[in-house]
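Each chain carries a letter (A, B and C) given by its place in the written order, and its residues are counted from 1.
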């Protein structure tokens, strides 16, 4: 039974298991690197993490492909945060604290999904000049990710990054007294120069309203599909 | 030396190492899923993560088995948070930010321990009606986990989840001016309808008093047992 | 082709891949254990995590070797925090929330680098007596790690821990109204009894000024070196 054919097959099976662990580690690194680039408003580096047809979902709007991603990251966020300057910028902070990943690599090792969460610390020091009028001076933001990844030529890339904003809390007020004033990003581009290509069907409510962010994974113990009911 | 018997043995040893890495990944996913279910008050899904004789330790009280766990999660927490409604619920937040795991899988691959920590963001929006009178409007909570896991039929489950609350901080006051008003959960059930089965011997003090939460692991470099002295 | 020589070589290659995954897991555990020891001011345990010639960089000052590390951790931090007492100490908190690691193990499996981040919750309860006059009552601190590790005799140790403080925020004021008052640690030892051995060439600015913390890793998708420009 321990002939070389059997051993070769067992070795190949074990190599597949190792590849999936390596994939999980690579995706964790990729996502964490995304966060560190976001800290510094390094949006060219952010966009280069996406596959050519990769997309980001932000405020229920889909930005697909690198050109649309540039509209989201460089025009929309970059202008609001730092008027297009790459960071770190004097007196500006956009720290992305990323944590709590649940990663599932597909059986063929070529795609994967991840749930994760973020706590964002956003704002400006009082001594910073030239702040965007709609950017709060200091605000917390919490969000969930339900992302998809693809492995192309041995390299993991973001296929779809869906950031589901959960709540914002102005520092002076907290979440009890803050209403998140970030509705779905309408109208779409080109009617709005920072608009998405289109909206997802099921637009997400934001705080104090809530929407469940569907889980990509089944229950870890029962294996049952998890209800994704919305509130 | 490279005969097939030697190779088969080496392959089996390597497969064991891979199994332990897979176990570590599975336990991380299990724990992170726990947190996402807690976010939404999905307590049936939470309880299903535990082994049949699994237990949770909360406020120094032990709740053992699924019936007792239902008393803790559904009656105690669920009523206080949302009067039994599964979330997400309008204007209510119980975000569990889980991080910093130290996981040790046993040599036989059938049990494991984990230390981890949580930052909880709890409370209600001012527009939410029908709040529980003892639930603060907005409060941070920090806690440590020292958990045990068991692998049954190839599936990892929670054998013992010990949540050691460290401090709470009312948003308006911070940790300097908040005294955590959550003493050990006495009296036990059935004297209290939300009480535990029994208390652990060494009940934990809460902020501003402190108790060390013992480490399950030895010092990573010296291999020495780590003192677990209490303050 | 599936002769035992080929299989042995493939097995050895796979074992190398597994070793690197194990190294990554060991480094994560090591770093997370560092944080839990820091929580409790267990500085002997912290210092024992370092290689004999290991070093820590704090406020742009380098503390090299266990004697210098004792000056940093036990004399500098330990006196400021708890006047030398090991914790947990009544009414004192120094929680280290550690997350978001990007770990790269060298090809030879004997060294590694890690980027990570921390959110620190520091301070004292109002009922605590004998506080250090320069320790704020309640303050957040955010920092980045760019660490190096070494494997000696099969055990991973910290070769260089560089903690790059990013900002502090007094709880009552937030990051908008807090200026981090922690300049580079000059003069060096022995002129200052808590000073470093020497300063790094490129001292880091602190909030509201900013300095980019260079990335040890290349862009995960393009493989290009990442600009580390400073603001």
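Simple rule for what comes next: contacts are C-beta pairs under 8 Å (C-beta built on N, C-alpha and C of every residue); 3 or more make two chains touch, one makes a residue touch a chain.
Because the structure is predicted, anything quoted here is derived from the model rather than measured.
S.K.: Chains as vertices, touching pairs as edges: which of line, ring, star, complete or other describes this one?
M.R.: Complete.
S.K.: Superposing the C-alpha atoms of chain B on chain C takes a rotation of how many degrees, nearest 5?
M.R.: 120
S.K.: Just how far, in Å, is the C-alpha centre of chain C from the one of chain A?
M.R.: Each chain's C-alpha centroid was found; their separation is 26 Å.
S.K.: Residues of chain C that contact two or more other chains, please.
M.R.: Expected reply: 4, 7, 11, 14, 18, 21, 99.
S.K.: For the complex, which residues does chain C have touching chain B?
M.R.: Answer in residue numbers: 4-5, 7-8, 11, 14-15, 18, 21-22, 25-26, 28-30, 32-33, 35-36, 40, 42, 45, 48-49, 86-93, 95, 97-99, 121, 123-128, 137-138, 155-157, 171-172.
S.K.: Report the residues of chain A in contact with chain B in the complex, numbered from low to high.
M.R.: Listed in rising order, the residues are 2-4, 7, 10-11, 14, 17-18, 21, 24, 99-104, 115, 117, 119, 142, 166-167, 174-177, 179, 207-212, 215, 217, 219-222, 226, 229-231.
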